[in-house]
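Both complexes shown next keep subunit A, but they swap its partner, so subunit B is in the first and subunit C is in the second.
Presenting the complex of A and B:
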């Protein structure tokens, strides 16, 4: 239960941009970030847009834009995650559930997309099992993404990411724009995966979802990890939260105070 | 003084009617919430109110007169995705000026910094861009606003900042506002009255 699956130490991500002519400027994306996700644990990472949440996912997966500079260390199951190791583990042991259903291939039937990376001998059988697990009709396998609703496409995204060999899942904003029942379904699927021993890194700006599903909640702002709070502290007026920024974030919710850093609503 | 919908029916070609004989009013100075699951026709209703879509039957009037078919639209729609609502080949200064010379006071209230004016849309965050879209919609001739999932993509602090600023302006100008959202807690905070779009189905 307590084996660390993902360990990120002193991660820095910066970008070099051309300002004018040949003069360049460096923008900081992430600075000095340390984080650990253990077996069977859901760690939520919350923060404003631009806080560096998605960059963290991209750095782990090795899919940052080319002008990015990365220093620090990322370890997966105790060993350094190098480019060669990523090639062996991505899609097998490390899986990614992207933010948008537009990440599906619009020109490929969804069943075929779910079969990518599966053992060809058992791919059809395994795909049927995944479809059943995520409540997708078997006939839907022949359909193209445009023929399915947004909620069904979310389930297809899950089916493409879940493999028996997966030890770490990175889910980037899997819930915005979904109505309450659909959000609950996504969270239930994440809980099931964690119960199977998968380590889940859930990146989201939806604090309520994060708190309902994770044990610990990491709060980012301006590229820095501000604090890691127990999910149980996000309750009532947030007095149990250690860091003032976490309290501000919690109290800004409309169901709480709807305040901004001490300025009350009305 | 009200935005009045009477006997409105609308459906997309080949689909079922989204609303049948829907009627409601938004008084000037009032905030009305529209709720409903995704796909139930909330955004379509917003586009009809703003005059982006035309109803086949029924009537939408503003302070007694039908929505103008040309010229400035007194009902302004603010969308969920600001990055899709601005011209990405224009600097922000031009994006603003497309509407009117926005007074400095409005820019200050919305927290728009002067250095953002020279940036391209891609160089601003979603929350920053949305403030421009709001400023642009606050033309002196605007009477009603329709906020369609205006802050659904933002974190709690950005959401609260935007609503604090906009609510103050709306109250001061006596504008009417329709808030479309799937978040009950947000609607409870903002609205004087809430209408479920499903209630228009039959």
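Presenting the complex of A and C:
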């Protein structure tokens, strides 16, 4: 298919914690993870809370908590993503759509937040264009986050991530708490971005929307990547799925078999 | 808005009535006899003269009558006559207010700016040496009484090192109008540093906490993920979000500032409103004391009012609640 935009190899993320007194212990967040996202592709990463999927996003963006240790290699468009390279690419070539609307600054009008990182000369124009694209009234630009609804704030978060130069978008749980129509809208926006050639890493625990929007679905559990399956295999009884854990996950859905699954994959 | 304004004015009026009644009751019940304080060691005064003086000052009437007489004058804008200075209270206060205002103004600005900067530095270096030094300084200073710090400064800088004069606003024996600006400044340094040093601690510690919260917030993490530099994060998000508690404290600090200036001025014999208040209390000068008390109440009230207005200007969520 297309050229890889993001390549993650042998990624380990662990945390050093003070257990009692001065004794420390190490907690594993992610272990030995390999993943690749290609141009124009949506790769969904699914897994339960604590499976390490948000850590993956934070590791790529370099915003892990200070007590985190990261080893392994993250490459963006063929080159290692170092701190210096992050400074040049974050906000320009790599965009992040965070999970929660608390990621917006409560004391800054939303329009201004969308304009951060845009060329000051054209920022206002570009922001109006983005507001129009995401169905936000132009008057809303002057409002503060507390004056907008949750759904509108999601769209603002989308608007902050869309830049002409973007090659990779990392969307962390952009759908929870939204009603079905709004979820469909978010997914449509992601599809549009991918159609423009952007690589999209979609982190979610919503299997159904992941399957409906992505080409491939990566399944994580306990900090490890269990399997990467084609989205098309998540159908019927999931017989086309290669890994038993993916099958269990799919069959456990209420609309499928609602089965508790087996332990055959352990 | 007009209703809000009316409410504020009403609140100020009740505050002033309450404060003046309380202050009056306290002086009235204090063991200091104004007449005795006035005549001092002068033993040539006859009982007849004493009685006349008592009558002239209205001390022969009941306390309620005395208070009401004072209040009646007060409402007409007449602060009364100082018994100690034998001059209108308003003139006595006017001469001192400038000196105090300069002292408090400098201390206020220094403690605000320095406190905020130290707080931000501590938060951005949390757990490291700079943070530990600033925290140590702040905790020590907030546990230090102003007058004691003033005495320590006097001992170290005036007595041992001889860098600064021991007190007053100008050299002794020189008429006030002949004191040069440099001399004034020289006398001004220690009292103002004493007053600032204590104020820094509070602002620094509150700013440190707030700034730590801000730096750990989702929106700062998001700003990092968007490639904003440390300076951009501070300018775009850090400042506005962390300055609210500093501003609130800084204006609410008017009360402590005034209290601190009373102590600092007394220690340094600095002729400001604060040391005059001490004099008035010890000399049983009721009109002067009440005058200064009322002025300070208005001063503190204004500080809180400004804090509310500025907060609303910074944080739109407060504005919409009002």
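Quick note on the criterion: the second predicted complex is superposed on the first by the 260 of 266 C-alpha atoms of A that agree within 3 Å, B and C clash if a C-alpha of one lies under 4 Å from a C-alpha of the other, contacts with A are read in each partner's own complex, and residues count from 1 in each chain.
Simple rule for what comes next: contacts are C-beta pairs under 8 Å (C-beta built on N, C-alpha and C of every residue); 3 or more make two chains touch, one makes a residue touch a chain.
Given the structure is predicted, the values throughout are model-derived calculations rather than measurements.
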| item | value |
| --- | --- |
| Partner chain in contact with A:133 - subunit B first, subunit C second, else both or neither | neither |
| Subunit B versus subunit C as contact partner of A:38, first or second or both or neither | neither |
| Contacts of A:224 with subunit B and subunit C, given as first, second, both or neither | neither |
| Which of subunit B and subunit C A:90 touches, first, second, both or neither | second |
| Which superposed partner A:75 touches (first subunit B, second subunit C, both, neither) | neither |
| First (subunit B), second (subunit C), both or neither touched by A:108 | second |
| Common interface positions of subunit A, toward subunit B and toward subunit C | none |
| Subunit A residues touching subunit C - in the complex, by the definition given at the top | 61-63, 86-92, 95-96, 98, 100, 102-108, 116-117, 144, 146-147, 160 |
| Of all residues in subunit C, those that touch subunit A in their complex | 217-219, 221-229, 232, 236-237, 240-241, 314-317, 320 |
| In the complex, subunit A residues that touch subunit B | 46-51, 149-151, 176-180, 182, 205, 207, 248-250, 252-255, 258-261, 263, 265 |
| Partner subunit A, residues of subunit B touching it in the complex | 37-39, 80, 125-127, 149, 152-161, 163-164, 182-183, 185-186, 188-190 |
